[in-house]
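The structure's right below; bear with me while I get my questions together.
For clarity, chains are labelled A, B and C in written order, and residue numbers in each chain start from 1.
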Amino acid sequence: MMQKIYDWVDERMDITPLWRDIADHEVPEHVNPAHHFSAFVYCFGGLTFFVTVIQILSGMFLTMYYVPDIENAWKSVYYLQSEVASGQIVRGMHHWGASVVIVMLFLHTLRVFFQGAYKKPRELNWIVGVLLFFVMLGLGFTGYLLPWDNKAYFATQVGLQIAETTPFIGDSVKILLSGDADIVGAQTLTRFFAIHVFFLPAALFGLMAVHFIMIRKQGISGPL
Amino acid sequence: MSEKKQQVSRRQFLNYTLTGVGGFMAAGMLTPMIRMAVDPVLQPKKSGDLVAVVEVDKLTTEPQRFDWEIDQVDAWYESKVTKTAWVFIQEDDSILALSPICTHLGCTVSWEGNEEYPNQYYCPCHGGRYYKNGVNVPGLPPPAPLAVYDQDVKDGTLYLGKAISRKGA
Amino acid sequence: MHKGKGMKFVGDSRIKADRQPNIPKDYSEYPGRTEAFWPNFLLKEWLVGAVFLVGFLVMTLAEPAPLEKMADPTDTTYIPLPDWYFLFLYQFLKYEFAGGNYVLIGAIVAPGLAFGALLLAPFLDKGSQRRPVKRPITTGIMLLAITSVIWLTYESVAEVDWETRTEQNKPVLQPEVEIDKESDGYAVFNKSCVSCHGDNLQGGVGPTLIGVDYSVEEIKKIAVEGTGDMPSGQFKGSDEELQQLAEFIVSVNEQADE
């Protein structure tokens, strides 16, 4: 039965070569922790991806309860935390996941950096990786505001002031982010919400796809 | 299964283990999330408090419309909601409080809402009609009788609660 | 493999008609100690992932995500603090040559240079050597950067009194109370306490007085002698007024407890 379905799809999509390429590609000895324990440093990238998956899933579920509105944002988060079964846990996963993903990303970046793995021919993948790092920091910054509690509000105010110090375009950047020249409020929250759940994740997915395709193309850098 | 001894190859064994570990990870991630998502489904149905609506001696054998307000708590949002009932005294002296929500598509019915149909509730949306006791006139769009409010009489005052559907009754 | 003329396709598509067999490569085809990605290597990765997930979930369960009071833009006493991974930047801006008149350097130029250099690392470090010891300048700069980030973060964290911070910002759904502003007690409150505790007892410089668990005697004592950050001698008035004030605050709290 399963075989029939597979054959039916395969005839229309020709997925076998793709699948065999993914499944059969060789993983070199030097990245395999079973042979060299020190190879655990190669796990950081995979773990970053894993936490990213947790973030995407928990974020999707959290929006079932969250409203990006200054009157109700905090109340909905409080309700989720105190009234909904496992709401506390899912919000915890998203909150701590945000920190863990930064830690993992940091470790992954350092591994690549100190091994000089960004050298020819992998320069482009390094650049994509650093862009991913920026996107993650952006997700952290915008996500911080969403619960609309005191620390969120005041940290965002500081962040916007920093953005304002950019020469020439600073003012415009700040207004673009906050939606109003003077107020950090209703429009700021909706903008940050849109950036956090639509714009940055879209960039994240695109960059991740490029990152992974390049890894498959170029392979893992050789042992030192 | 065949009688032949089934050899599990190294690759098969790894595949099974891989599926197991993958399943464990998926379950670990998704269990709390799905539990959170289905939480409203698992909440016990609230019976709703009874609210004083009208003194019993104001009721007649003719259905009258009464409105009252309840505090509605919708998760983090609290509001006042107006409820309406058609109330009258039945022939056996018991009180019947009918919900005005048409069982067809949820429009609001009213007593003698159409001059052509005296002594019936009339729904203006699709011409559905109900007899005085709330039972739907057969052959018209409404599939069930009007819902009846949970009721209680204390010290000469009528208290009404949640509307209980009579579907299939 | 077929190429060019004579190739057969499925229908009018460009999908090849002859199917490739879906058979994994034999293990003997892997040279040395290399491994197939699926299932051999992925299983190892997923085992690491499973252990990691358990640790992560334990952390999540042990420490609930913090939520402070609802944002109050009028709260002038609140000291803003970003998430921990921005703390180094936040601390950096406190220094003389990165803040104040030089804020452009601290906020834009320095981080811009650092992150720009990170982005362009492959073009700044062009040699073919990969070992860290063989490219001392690159390694040195990175180590310096990491050390300073860690040090700045540490400095920033050390300056914050975390316990009082969490204590002061516990989330509370403000109990709704009606304050009788005509009462004698409120008149006394309005004279001595309103500047710090707010006209609805909601707090300001001082904490809110709604939801405090003190007896009449205790409140009288605090009003005269002070407590915590509250200095003594705040209350000015007669003993009778003091009694009225304490009874007023207790009555408001009894109402809030309902």
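Here are some notes:
Convention: a residue touches a chain if its C-beta (ideal position, glycine included) is under 8 Å from a C-beta of that chain, and two chains touch if they have at least 3 such contacts.
It should be emphasised that the depicted structure is a prediction, and the values quoted were computed from it without experimental measurement.
Interface comparison, A-C versus B-C: the higher number of contacting C-beta pairs is recorded for A-C. Relative to subunit C, the chain whose mean Cα position lies farthest away is B.
Each chain gets one centre point, the mean of its Cα atoms, and the points for subunit A and subunit B are 42 Å apart. A separation of 17 Å divides the Cα centre of subunit A from that of subunit C.
Work out the mean CA point of subunit B and of subunit C, and you get 43 Å between them. Of all residues in subunit B, those that touch two or more other chains are 29. Annotation for subunit C: residues 24, 38-40, 49, 53, 57 touch two or more other chains.
Each of the following residues of subunit A touches two or more other chains: 54, 75, 78, 89, 93.
Of all the residues in subunit C, the ones that touch subunit B in their complex are 24, 27, 38-40, 42-43, 46-47, 49-50, 53-54, 57.
On the subunit A side of its complex with subunit B, the touching residues are 53-54, 57-58, 61, 64-65, 72, 75-76, 78-80, 83-87, 89-90, 93. On subunit A, the positions that touch subunit C within their shared complex are 6-7, 10-14, 16-17, 19-20, 22-29, 32-35, 40, 43, 46-47, 50-51, 54, 70, 74-75, 77-78, 81, 88-89, 91-100, 102, 110, 113-120, 122-123, 126-127, 130-131, 134, 137, 140-141, 144, 147-155, 157-159, 162, 165-167, 184-185, 221, 224. Within the complex formed with subunit A, the subunit B residues making contact are 29-30, 32-37, 39, 42, 75-77. Across the complex, subunit C is touched by residues 10-11, 14-15, 17-18, 21-22, 24-25, 28-29 of subunit B.
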